[in-house]
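By written order: A, B, C and D. Residues from 1 in each chain.
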Amino acid sequence: MRNIMTSIPAGVCSLSDYEHRAQQVLSESVWAYLSGAAMDGHTHRRNRQKLDDVLLQQRILCEGMGQGSCQQTLFGRTLALPLLIAPLAYQKLAHPMGELASVQAAAAQGVGFCLSTLASSTIEQVAEVSGQAERWFQLYCQPSREETLRLVRRAEAAGYSAIIVTADAPINGVRNAEQRAGFALPEGVSAVNLDALAKPQQGDSVFACWMGQAPDWQTLEWLRGQTDLPLLLKGVMHPDDAIRAIALGIDGLVVSNHGGRVLDSQPSTIEVLPRIRQAIGPNLPILLDSGIRRGSDIFKAIALGADAVLLGRPVFYALAVAGPLGIAHCLRILRDELEATMALCGCASITDIGRHTLFHND
Amino acid sequence: MRNIMTSIPAGVCSLSDYEHRAQQVLSESVWAYLSGAAMDGHTHRRNRQKLDDVLLQQRILCEGMGQGSCQQTLFGRTLALPLLIAPLAYQKLAHPMGELASVQAAAAQGVGFCLSTLASSTIEQVAEVSGQAERWFQLYCQPSREETLRLVRRAEAAGYSAIIVTADAPINGVRNAEQRAGFALPEGVSAVNLDALAKPQQGDSVFACWMGQAPDWQTLEWLRGQTDLPLLLKGVMHPDDAIRAIALGIDGLVVSNHGGRVLDSQPSTIEVLPRIRQAIGPNLPILLDSGIRRGSDIFKAIALGADAVLLGRPVFYALAVAGPLGIAHCLRILRDELEATMALCGCASITDIGRHTLFHND
Amino acid sequence: MRNIMTSIPAGVCSLSDYEHRAQQVLSESVWAYLSGAAMDGHTHRRNRQKLDDVLLQQRILCEGMGQGSCQQTLFGRTLALPLLIAPLAYQKLAHPMGELASVQAAAAQGVGFCLSTLASSTIEQVAEVSGQAERWFQLYCQPSREETLRLVRRAEAAGYSAIIVTADAPINGVRNAEQRAGFALPEGVSAVNLDALAKPQQGDSVFACWMGQAPDWQTLEWLRGQTDLPLLLKGVMHPDDAIRAIALGIDGLVVSNHGGRVLDSQPSTIEVLPRIRQAIGPNLPILLDSGIRRGSDIFKAIALGADAVLLGRPVFYALAVAGPLGIAHCLRILRDELEATMALCGCASITDIGRHTLFHND
Amino acid sequence: MRNIMTSIPAGVCSLSDYEHRAQQVLSESVWAYLSGAAMDGHTHRRNRQKLDDVLLQQRILCEGMGQGSCQQTLFGRTLALPLLIAPLAYQKLAHPMGELASVQAAAAQGVGFCLSTLASSTIEQVAEVSGQAERWFQLYCQPSREETLRLVRRAEAAGYSAIIVTADAPINGVRNAEQRAGFALPEGVSAVNLDALAKPQQGDSVFACWMGQAPDWQTLEWLRGQTDLPLLLKGVMHPDDAIRAIALGIDGLVVSNHGGRVLDSQPSTIEVLPRIRQAIGPNLPILLDSGIRRGSDIFKAIALGADAVLLGRPVFYALAVAGPLGIAHCLRILRDELEATMALCGCASITDIGRHTLFHND
């Protein structure tokens, strides 16, 4: 296996540099798993394409920019920039430190961190090393409510400050690249927080095997009654689902298509974001997930209605290339890019960002 | 010649995998014939492009999905998924078992099968091995009505349950790739159900050689009077033709551009489908043909007004790569993909699919 | 130098095949001259792109197609298909027979032929071998009216049946590919019908050097008074120019951007055609020039308002690859493709073609 | 190091030829600096794309074109064509003569020249060799007003006829290509007109380090009071900024995104130009900058509201390939292309160019 990098390779100055190098250091099958998308990858590419299509409105000679800052407050906690590390399963695939590396990088850079239900480090281990990092627990509802509740209680006990329920992946995506590469979890990497992975039920169809044990709105309502932590719903792509979630007492939404990994041929999240914001009004926090690669993407997401963003695959790439340092470097790059974008568009704070700071192509 | 595969090669998990491998195992000229399209292939590519452009609307936490199913009933018969194998000439080009392989795969997977007039196996041979498969007979009207009627009677006698008349190929398409490759039917592959292939008539023009002996609306009217089987018309691309066909008592339509093999520069079928559905109202069955490669394409076709789809070239590709097993595998892949798409878009049955399950890019 | 082909190479079945092979048999600099376009070739590519974007409306089971034909009558003369060979300078660049080859191919296939002012064969030589071919003379107005008139009188005397005045090339296009390749006329190829090529006048600017001696509307008015032959104007791209030409008594228009060889960044001709037809009403003949490569392109041009088309570069390519036989082959290919397109769109004659035989995308 | 070219290489006939050759003669890191753009280069490419998308309206047989000219008067001075060489830092990177070469080429071809604050030759040296060239001084406001004023006074003293204040680059662009290549100024190339380059201030953010010392509207107002020279503002991309500048007494605007080098994801300048012209009315001069590569681009800019254009990177490329002669050649190419475009669109003077000389794609 490759050496574990302890420094940042020369010439690495953007998240795409990490991506290219990660492909070189990772095995083909791990690469296929981490980078892969559902079916033909249309949605994965569209996530980027539609972010690129959003245009910025530059401004000049603005007053009072010397005191600017990109800090953002979410559920009462202040982040150095409006970003959290997305919940990402099995981070030890990329580096022996796995989730411990990423939560420490998050702490160092003042961003939030979401721990996946399918983490390869325990809820408690991560809590222990996470220092000041705002940390949330991502919940995949388990076939039994008991098991689900056990996870929530452990997260509460370990000081996680929010629960983020992922609802868009009741079944595995049809990820052909991963299948072609024959990916399987290597020895030593597993979902250590679960007694066992959910198994398909008896049956001949996707419905019978998987959907019978998938969470539904009742599950969510039940869950809402079980915890006082802020509860977020990840994977919202329809305004009606957003409204229904709020009616149940959900505290925040993540507009996400799971990085294009579950259902291909979906729209990009940046297209959907304004409709969700429009549907629910200005108050409830929305996070934009899927496709974020530049500080300017964060700016665009905020301008179109988000309060913060999640960062997915690049965390893996940086971890593979340069360990915790690599992730910290990525986070710093994003912050610098975001600040530069704000400065050049005349925004001294996150609240200055809005539709008027975009260029509208009539 | 290559070995006849009896198992599915590793890493094959989508219909496109079969396509790539088929190109490797087939001779250049057979490949050119099977994969080819008219002129510059614009319509062939557009069939795919426009299917890809249709966007899906994901839904989350839907109730009652455990009992979902993608079964569909057509003319009183139930299919495991809303799909039939398209009529495809000369299937022995791809595999010695030819049509016998594909009808058996169809039976195994519970989908329908259309036997081409230009099949390389006889109507009766295919009937014999087809088991439970819903099988239809595709009719190319012959220059003489007698000969046409003889084909219909054989199909009736052999238990085919519908006649599907192909009307969009009165002349050969200008298939340059095939011409460049110098394709000709090899020894041992021929249209065994015909006494002789229709020959061009005397004359200097396409009109004089071919169009004088082509079927017209009177032919169809006559044919309608000759059989009680459900009669479908394949190759409908204009609403007025759809309406006229219904007025004559046709039982179903196939919106098809023959996979882009006859007239290039046509629109894709998925673009035309909603106009045909709109013109004829909700009742009469419509099949969507040309370009189907994913289970999600079936979902899109249903959402835009189809009752089922036909699958063309991929059948050849799977046959060439892995024989009847390959076709069965393709059909299963499509079903799994369709079920996954339904589950993720909140549709527990085919009737749940509709315009509202698509994302409209306003 | 290469051998002169006397037969059609195997596998050549479309005009693009001739194009690819011509590039192989021609010297780099002659290829650059023949195939080249102005500046960056945007207009040249757009000519094709916008023709490709026009969609055909297929029809089925049409009655009475056996008697169909693609003949077209223009100025009282009947062509086997609505096409003329465009005026093309220096055809001996591609083949020693030059214009004599192309006019004979035109005669053999029953299409029209335009002889360029810059032909490498004399007006009289071409007339002598042209047989039944409808032949027109393309006039570049010369700096002196005398010289201009002399050309017209020679054309009249030699039995040319129309004069087509090219107005869109008062200066050389900025053809960088040609400049880079250092193209110059080889020994033995020259404008044999002129005493001397027009030379730039004294001056530092394009205006002073060239535009002072360029024809203007007065020149055209004068010319109209000098001949009773039908007079056509080539290079019309603005409705007002079309109207002004008609007011002067012009008999027909050629919508042309000179194959994208003079002014880059122009629209394609197929985009402009409907505007010109709309401006001048249904009666006066319009020819569509630039980008025709398929019989279906002819169909599209007719549907959008043209009476016939001109064929440019492909004539050169076929001439280079297979001499007069090659050109005849190209013309036959175009006719077969046009007839096939008509048959499949339900048009038994050129007058059946119209807007309703196109598919309208919205 | 490479030889210094003293003649124009064969086959170089467009600005793109210079670009391709420059990449060959320059070191990778200098190439990265000169050719580079911010982040992913979207805006840089869009500058070209959107210029290419503007379509020209050809006209024929126009009267009185022999006396045409592309001269343009700006602030009372007549230019041979409506173009100035953009302010470009450190021109000695491309050629030992640096700015002295480009100002001499400008003089020879009768175009204007802007000297950058970051020039590698002194204000006075350039003045000395600049002959008849209309020369402007580009000002980067320095952290201290004294230093800023000293630059203005030197420019006035040396006979520069206008001050052009660049406002769109208060911070360095995120130019990844340059960072990857590890570009640094080589020995012997520096900003000789400054005592010292502005250094970042203490602080952890882009805001604290850079924006506190960036100029704002008050700086501009102060500056307006300090000089009687025409004052232009470079980097205007918002109509409100244009209006505010005019209210302060600014004499002209440069619509520019700095060649896409500062803020990526901005619109192209040609898209923004009409909005700025619309906002400020017809009188005040506007220059269009970023992406000009063809004489036809100048025509398009004028048609959409500009009075002249700036030429950036190509100056570097020509300088690197063929020294002052190369730049002069480029300028002559642009003039010839502009004149050809005007002649073919029926414009005998710059004032004839307008919206009606473009083709509007409905």
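Note that in this section a residue touches a chain if its C-beta (ideal position, glycine included) is under 8 Å from a C-beta of that chain, and two chains touch if they have at least 3 such contacts.
Quantities reported herein were computed from a predicted structural model and do not represent experimental measurements.
Trainee: By the touch criterion stated at the start, how many steps lie between subunit A and subunit C on the shortest route?
Mentor: 2
Trainee: Residue numbers at the subunit A-subunit B interface: does the shared fraction exceed half, giving same, or fall under half, giving different?
Mentor: Interface between subunit A and subunit B is built from largely different residues.
Trainee: For the two copies subunit A and subunit D, what rotation in degrees overlays their C-alpha atoms? Round to the nearest 5.
Mentor: Result for this pair is 90 degrees.
Trainee: Using mean C-alpha positions as chain centres, tell me how far subunit C is from subunit D in Å, no decimals.
Mentor: Measuring from centre to centre gives 42 Å for this pair.
Trainee: Just give me the whole-number Å value for how far the CA centre of subunit B lies from that of subunit D.
Mentor: Between these chains, centre-to-centre, one finds 59 Å.
Trainee: Mind pulling the subunit C residues that touch 2 or more other chains?
Mentor: Touching at least two other chains: none.
Trainee: If we count contacts the way the header does, which residues on subunit C are in touch with subunit B in the complex?
Mentor: 10-11, 13-14, 16-17, 52, 54-70, 294, 296, 300, 336-337, 339-345, 348, 359, 361
Trainee: So in the complex, the part of subunit B that touches subunit C is made up of which residues?
Mentor: 39-40, 42, 167-168, 170-171, 173-174, 176, 179-182, 205-208, 210-220, 233, 235-238, 241, 257, 262-267, 271-272
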